[in-house]
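All chains are identified by letter, namely A, B, C, D, E and F, in their written order; residue positions are counted from 1 within each chain.
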Amino acid sequence: MVGALIMKFVIQIDASPHEAQAANTAYQFIKAALANGHHILLVFFYYDGVCNAQVSSFAGKDDLSGRWSALAREHGLDLVLCVSAAQRRGLVSAEGKDQGLLAPGFRIGGLGQWVDACLKADRILTFTS
Amino acid sequence: MVGALIMKFVIQIDASPHEAQAANTAYQFIKAALANGHHILLVFFYYDGVCNAQVSSFAGKDDLSGRWSALAREHGLDLVLCVSAAQRRGLVSAEGKDQGLLAPGFRIGGLGQWVDACLKADRILTFTS
Amino acid sequence: MNHSKCFVFVVRQPPFRGDRTVELVDQLLAVAAFDHPVDVLFLDDGVWQLQAAHVLEGAGLRPLAPLLRTLEFYDVREVAAEHESLAERALSPDGLVLPVRLLARSEVPAWIAGHDVAVGCG
Amino acid sequence: MNHSKCFVFVVRQPPFRGDRTVELVDQLLAVAAFDHPVDVLFLDDGVWQLQAAHVLEGAGLRPLAPLLRTLEFYDVREVAAEHESLAERALSPDGLVLPVRLLARSEVPAWIAGHDVAVGCG
Amino acid sequence: MSVLHLVNASPFESAALSRCLARAGEGDAVLLLENGVYGALTGCRFSREVAEAAAWLDIRVLAPDLRARGLCASSLLQTLGQVDYDGFVELAVRHELSLTWT
Amino acid sequence: MSVLHLVNASPFESAALSRCLARAGEGDAVLLLENGVYGALTGCRFSREVAEAAAWLDIRVLAPDLRARGLCASSLLQTLGQVDYDGFVELAVRHELSLTWT
């Protein structure tokens, strides 16, 4: 019955990594969930959470966007920025195009993808501040 | 003695316009200060306040960056983004160059300019959240 | 597996925190647009969102009442507010920008637990 | 007109709110680098910034103690903390990451008013 | 030197207003603005503390932020003066320093 | 359905913890994390409320956030269990819903 405890998660991140600990907490939670064999269907960045995708010009381990990219590469995570939140903050053009600002592994999506993933998921968690 | 009441202000803005009212309050305060004949030596954007310079892909009056640009044009305001805060958030390159993301009227500067303006100013106000 | 789920959004924050209310409503309406039952609960300072404001010119703020009234027109199932949160703020349920179902504080845990997905609450 | 001014930074927020503490210290040191007297006052939850933490691995958080200790090495004039803020949190002035001047709450208003520029406090 | 204290957090959820009043000096002023304007309400948990402080401290409320929130005069402490942005600027002129409590 | 409540604000300055405890149901759990871990302190204004709630409610503290803040066991309410991130994941598995109080 151990198999029944493997769960599918959707994670929503609402906070900029520069102003709150919430995005870092989400990162640690996801690492632990993956290590315990769970599936992360979607990491959805909303509100100021879209700032997680913006590559800092300060290189180094403090840059969370780089850690997100590495985690996505290793585990095939789907990191989705909400298009309207990203447009509002000027990270994505009016046409919905990435303006070359996003770290590798992030893609642009819509609220519909979030709703869809929530239907398939066992657990939905929001990290906010 | 009315002339003695004309003052030189430095305004620091610490909050993103998307998550708090503080930047909007600062904008209204500056408009009122100018209308009352005061001088604004510097508007300094620090912390997530640097996001005020990023042009939203949603056109329209809700975009505060456009209102900052118009105010700067009309009154010759000096709108300065702190280079290190802007670099940390990926708005400015590691070399300190504007990456084409900033609204007209904003320029990149350093903490030294803020210190210098504080020395020349009669009043220093911080708008934060 | 892809059956319908019932969502609840819990709003605890006061108005005019940048675009947060607009983005909250966007997310809520996205759920409704996909034909899933969605409820919203206003708690604590969140109930201030329901207070009508008539004067916004000059303030540079977006009026929230028309935005929140869209909850009625789209298929949002229930707009609820906690009785005690309103009472502590001397707000009458009659003066709000849209009609709400009143929940007593003691009813809130079970009401929330009646949903499949909870979002919020900030 | 371009005479020296005396700055005070008031810190009321707890640690680990993203990069805020780093950016606060940057600004403070910029003042010191230009040879102006600068003091810092830790109030309310700000005093938690002064609590040493030894284990940060895995948490993805930047250690604050070495950062705050730079205040001693640069020309920051005075690092102060309010006695009552420490006492309410059962923090002893001896266990902090750097030595502080203790101010009683009743002394705080006059102490702040002794500066030319106040920054903060969030 | 005197201080203009800006309080912009709701007193229902944040201790900022109370913390500010405990550190304000006699010649200082306090301006309630943004969600801090709820601190001007009468009949709430914090109203007595505010009214008592207003007896010795100049406490004002930013009227445009009251109006934006639909708060009317009858629900407010009558002893607090209201200011618009021009009055906010005047307060900043009158006090040499400024601190924000959030 | 039961709820995992996440409390991430310091109880010294925010009412979030108290608001959460007032709305938690019997089968729910509360996890104190980030600056919410200060809610696990003993001998503070809010400690009694937390201890009383812990008698009927599963309240945990995220240990890495305690350690990052230099809080040691002797200053904490002994009735609250500590978890690491694996334990946080377990709590999320055990409870169908989650809400954050900030």
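Some notes on this structure:
We take it that a contact is a pair of C-beta atoms (placed from the backbone, for glycine too) under 8 Å apart; a residue touches a chain by one contact, two chains touch by 3 or more.
Because the structure is predicted, anything quoted here is derived from the model rather than measured.
By the document's definition of touch, common neighbours of subunit B and subunit F comprise A, C, D, E.
With contact taken as defined at the outset, subunit D and subunit F are each touched by A, E. Comparing chain pairs A-F and A-D, the larger number of C-beta contacts belongs to A-F.
In this assembly, the chain whose C-alpha centre lies farthest from subunit D is C. By the residue-number overlap criterion, the interface of subunit A with subunit B counts as same, with over half of its numbers used by both chains. Farthest from subunit A in terms of Cα centroid separation is E.
Annotation: 25 Å between the Cα-based centres of subunit A and subunit C. Computed from the mean C-alpha positions, the centre of subunit C lies at a distance of 28 Å from the centre of subunit E. The set of subunit A residues that touch two or more partner chains comprises 16, 18-21, 28, 47, 88, 124, 126, 128. Multi-chain contact residues of subunit D (touching two or more other chains): 12, 16-17, 19-20, 44, 58-59, 61, 117-118, 120, 122. Contact of a single residue of subunit F with at least two other chains is seen at positions 12-13, 15, 19, 34-35, 64, 85, 96, 98-100, 102. Which chains touch which is summed up as A-B, A-C, A-D, A-F, B-C, B-D, B-E, C-E, C-F, D-E, D-F, E-F. Touching subunit B in their complex are the following residues of subunit E: 8, 33-35, 64, 84-86, 88-89, 92-93, 96, 98, 100, 102. Within the complex formed with subunit E, the subunit C residues making contact are 12, 14-17, 44-45, 48, 51-56, 58-59, 61, 88-90. Remark: subunit E residues 10, 12-13, 34-35, 38, 41, 43-45, 64-65, 67-71, 75, 85 touch subunit C in the complex.
Of all residues in subunit B, only 12, 14, 46-47, 84-85, 88, 110-112, 114-116, 118-120, 124, 126, 128-129 touch subunit D in the complex they form. The touching residues of subunit A, when paired with subunit B in their complex, are 16, 18-19, 47-48, 51, 54-59, 65, 87-94, 99, 101.
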